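Okay, so chain A shows up in both of these, paired with chain B first and chain C after.
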Partner chain A sequence: MQSKHSEPAAILFLLPAGIIYVSAILFPIAYSLYLSLFTGSGINNWEFCGMQNYVKLLQDKVFLLSLRNSVIWMMLTLVFTTSFSLLLALILNRRFFGRTFFRGLFYFPTVIAMIAVAIIWRWIYHPNLGFINQFSKAVGLNFSQTWLSNPKSSLIACFVAAQWTAVGQPMILFLAGLQGISEDVIEAARIDGAKGLKLFFSITIPLLKNTFVVVLSTLMIGALKIFDIIVGLTDGGPNNASQVIASYMYSQTFEYSHWGYGASIACFMVLIMLIIIVPYVSFMARDT
Partner chain B sequence: MKCSGKTLAFKILLYAGLILQASIWIAPVFTLLATSLKSKKDFYSGLGLFNMPSHIAWENYMAVLKKGNMLSYMKNDAIICLLKVPLGIFLEAMAAFSLTRLRLRHRTGIFIFFIIGMMLPMQVALVPISIVYKKLNLFNTYFGLFYVYVAFGLSFGIMVLRGFFISIPRELDEAAYIDGCSKMQVFTKIILPVSKPAIATLVISDFLATWNEYMLASIIITKDEMKTIPTGILNFVGQYSTDYGGLCAGVLISLLPVLTVYLVFQKYFVAGMAGAIKQ
Partner chain C sequence: MKKLLCLALTMSMLVPCMSVKGEEAVKLTFWTHSGMRDSIDPLTENYLAEHPDIQIEVSYFGTDSIKDSLKVAASSETLPDLWFNWGGNLGGYYVKNDCTYDLTEYANTHGWDEKFNKGALNLCTLEGKLSGFPTSVNMMTMYYKKSVFERCGVEVPTTFEELEAACEKLKENGVVPFATAGLYGWHLMRIVEQLVENYAGASLHDELQQMNTSWDCEEVINAFAKYQEWCNKGYFPEGFITSNPDDTLMMLAMEEAAIYPEVQSFDNTVINNELDVEEYGWFAFPNGTGRVSSFGDMVQFNANLTDAQLASADDYLSYIFSNESANSEYGAHLAPTSRSDYRFPDAQPHAAEVFSYGSGSGSFTITDQAFPTEVADVLFSMQEALSTGEVTPEEAAKALEAAVQEYLALK
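Entry: the complex of A and B
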């Protein structure tokens, strides 16, 4: 229902949130966009350079590598995190002894700060004292190696560590979605002869459509924002092998003091995000 | 009915899978705990992770509490949360009240305008915030951190509360207006009390997001005595890089507040997170 005029109270109630939102979110975005046209750092020493930062960006090997890593991370998230958390939700939606305990257990890492997760998993991967290498020694299979300092495995090692906290949230969302499906629908499909996988793919999955939209979009957005876990585990190393766009932006800005260049990376991130956000927001803003 | 042999085999497989995953899920905490209870002597003698320590080294915990700044990090984090969570939710509720219950032009447009912020990367605010905060001397202040945390929480809070407010029957407010309530009274005496479930959800998710935030804190806070847990813990790890027992004890201590909150309010976590996307 849309109104012709706003009453003063409506504006007054919106004002505090609006002022903070504009000053701390929208203004910085506009300001970043503006600064991305300059080279420089700190408060002064800014020099206008037009689109140079963006030209440099597209030729920057490390940036392209980190973009590639972010895309790999997103793909892995969409395939692995989604299916794993859906599988867990399907199992934990059954009635069996200990169900509440397992739900609570699989969800608990979600409450731990990502940076602490990274520090904990540094220990899991520790070359001498870590769980994995100690475990491989204890069972007599020698698969131990330096997981984080090997450029071939560092990104995947970060991804695996992130799964510890990443599956809890989508698992709960899928559980809520599954509980929203009425028993009658499933029963009716059973009577019509649908069984096992067929029942799952032609009844359960379509009925979870709304949940899928929410889970997939939040996971994609989360994947592009991934930062703490990389910084805490590898800091993008070795030799940028596990660098992602968010960590590259941060290191360019605050370690190398390329503020203008950092701003252009941030703006590029916004651009990529918008591709995912626009369909998602229009979905969430439906009036019902 | 299926034959019981098949069901039994399925049950065994189910529990085997669950127990395997549960062990993987517990392994990180086990590693921390086992390492934190070993003394320096045990490490020098090359004691493995799965061996019992020669004695249970509680002194690691005492040393961390005495020497480290862990308690000061917790205090700072608690102050920020106590400021940010209630105030942020109050402002979000006011905006959601306006969006759902008052006469407002372009309400859908304004709502979309507010929730876009939820998806934007915080990176985009880093350079401008660094510049502006330097000019306004807001580095290393509670207010500096509080302000951006409130801002970045608005979108999610408004989305959740708007969703909830829409479902409250209008008759409630109309009756209150007839009784002579002002808009502010309807908001604080009718809508807010009715919305306790949604507010409980937000308190928890807001608390977690604020308590655990790292990136903005790492830019805005540089002084050790002002650090919150996520930034402090990294500092701590740097200082304890050779004292493995102390390091793991410190990390475990830093997790205690959030794990306690989780154990006590577990019910709300799960119900709330699911309710947040109710359609």
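Entry: the complex of A and C
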């Protein structure tokens, strides 16, 4: 039985982490919320403007475009990143020669900084010297494109580049989830006649429910926060075609010194995350 | 005996503390551009070896990151003691917000009018205050590769019509006329601002830059129309809008493109890339006024510097950005053209010519220094939108004027 005396001791032990959490997380959030109610572009010339920044947000064409792009990015992430990382995890969960090597190989790009990935892919996409256009020329395909400069393809090109590093982390989580599924359960399902896709959708996927909660929520948060690959590859261009919420928030805050407006974008971003992620996690976790 | 030993030991430990307190070291923090690191690091080491009473901590940043880092530092009142910056609106932000030391009086009493050339001091005078230690003045002209011009039968253009004819000829010969890149906007802007100068003329261009007259005018529309026409004719490299300015020199060196907009430091860049500087020539963009675009850079001083820090900062920077340091074995990344006594190295044949031409012909402020950042970024967006045909020149001019009005209203 737990002693009553353990409560003050627990609080004492939690205090250092609590102080860090309040000063590094809660206070900046509250301060951003406070800042978002002010306008001005200088250092000491802020004026209280109430909800004006939020009203302006909804009329700002570039913000709405960046919001649309962030939502597209999130949808693509949910469909492609999740599917591809799950597929890789399923393959790498099988027993075959060199399995450990391939696990390392597919996880490796995850450790590379996104800005370095942007530099690598800038050269891959280079219109004249880039690998893709040169390769298509070499195999006789007339497929040369200006991948990043075309407003229709720039966002997708950035997304493809980001996938190189994005699949490693969810793949590892899925792999851990798959390894947590008991062989006995699979064996029992097989004896009952389940096989192939039916086994996968009726047994494996439901048993990966907890892993899905973690993977999908982290992927959604990551998708809404995407920033460095965009800045490194297109800087949000051409003409804001690949602008996303985080890059727009950065430019408003740190390039133009519109601290209040930038803070309102950040608050809006957090609000979207809460609206999407909290219901999802609570719905998925209710039976757990 | 034991007590005496203890006393002696205690005294010996106190002696260094006393001497430090007696000669309190002057401490300075300095944020500067990473492009100068190979020069500033060894020169600072040399300087500190001769000045044990001074401590200087230097931090390096890239072109865009220093701008953002300084704004964050200014807003949180954590600016360093000294920081590299450009003139115009970039440096002006810190003056308007009272972050910089007004050096006017110090300069008057320390002979800066003899130490620096007048143009450099003017570029550093913002909001009526001398807001920094001038480090260089830069004149933007067009560099070209002689062999490409010869191969394509192109003469150096002296009029705008000749320039257009040259571009057409280069394109016919499979060479992209301009080696430029649109990522971050500023490199491509070097061409667009010349088109504005060409169509608007000197006085209207100055008024436009100062936001005293509307950008939604015929001259600007004509300039944007010409730029869009050049985009459609393929006068810029394929995919240039999102190409990185760092990769543009390669296009020139590989003879894929012919004309490269750059300041007089081009010679230095070519030499540092182990290319032959004699293979290149230069000309002023034939814009009808003869003016080149120019910009200054400087080291700004924190408004809270003490007198001792101010004197040490001046002494240190005077050593780093001196004719002697620039011509020493470590000076490859320095060109203190702000100094009256600065002499370009013999190995840089075009630099002195370009600087002399720019100083004589007159200049206009480079657009991203003339404009506040938010207006410059709208210009950059319009450069992109015009290149892809998303907007017409009329719409681009309207959008730019709207950005100017929004900025003025906020101001």
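By our rule, the second predicted complex is superposed on the first by the 262 of 288 C-alpha atoms of A that agree within 3 Å, B and C clash if a C-alpha of one lies under 4 Å from a C-alpha of the other, contacts with A are read in each partner's own complex, and residues count from 1 in each chain.
The working rule: contacts are C-beta pairs under 8 Å (C-beta built on N, C-alpha and C of every residue); 3 or more make two chains touch, one makes a residue touch a chain.
This structure is a prediction, so every number in the text was calculated from the model and none was measured.
> Looking at the combined model built on chain A, do chain B and chain C fit side by side or clash?
Because the two structures are overlaid on the shared chain, the partners are seen to clash.
> Residues of chain A touched: more by chain B or chain C?
The partner that reaches more residues of chain A in the superposed model: B.
> Quick check for you: in the superposed arrangement, does A:265 touch first (chain B), second (chain C), both or neither?
First partner only.
> Scan A:102 for contacts with chain B and chain C and give back first, second, both or neither.
first
> Would you sort A:254 into first (chain B), second (chain C), both or neither based on which partner it touches?
A:254 contacts both chain B and chain C.
> Once the structures are superposed on A, label A:154 by its partner contacts, choosing first (chain B), second (chain C), both or neither.
second
> Would you sort A:246 into first (chain B), second (chain C), both or neither based on which partner it touches?
first
> Regarding the shared-chain residue A:127, is it in contact with chain B (first), chain C (second), both, or neither?
second
> Thinking of the overlay built on chain A, is A:234 touched by chain B (first), by chain C (second), by both, or by neither?
second
> Is A:146 touching anything from chain B or chain C once the two structures are fitted on A? First, second, both or neither.
A:146 sits against chain C, while chain B stays out of touch.
> Given the superposition on chain A, at which of 3-11, 57-65, 129-137 or 363-371 does chain C overlap chain B?
After superposing on chain A, the clashing stretch of chain C is 57-65.
> For chain A, which residues belong to both interfaces, chain B and chain C?
Residues 43, 254, 259, which sit in both footprints.
> Which chain C residues qualify as touching chain A in the complex?
67-68, 71-72, 74-75, 93, 96-97, 99, 182-184, 237-244, 247, 256, 372-374, 377, 380-382, 384-385, 387-388, 390-391, 410-411
> Once bound in the complex, which stretches of chain A touch chain B?
2-7, 9-11, 13-14, 16-18, 20-21, 23-29, 31-32, 35, 43, 88, 91, 94, 96, 98, 102-109, 111-116, 119-121, 123-124, 129-131, 134-135, 137-138, 164, 169, 172-173, 175-176, 210-211, 214, 221, 224-225, 227-228, 231-232, 246, 249-250, 253-254, 259, 262-263, 265-267, 269-270, 273, 276-277, 280-281, 284-285, 287-288
> Under the stated contact criterion, what part of chain A meets chain C in this complex?
Going by the criterion above, the answer is residues 39-45, 122, 125-128, 146-151, 154, 233-235, 237-240, 251, 254-259.
> Tell me, which parts of chain B touch chain A in their complex?
11, 14, 17-18, 21-22, 25-32, 35, 43, 48-50, 91-92, 94-95, 97-99, 102-108, 110-112, 114-117, 119-131, 134-135, 147-148, 150-152, 154, 158-159, 183, 187, 208, 211-215, 219, 229-231, 233-234, 237, 244, 248, 251, 254-255, 258-259, 261-262, 266, 269-270, 273-275, 277-279
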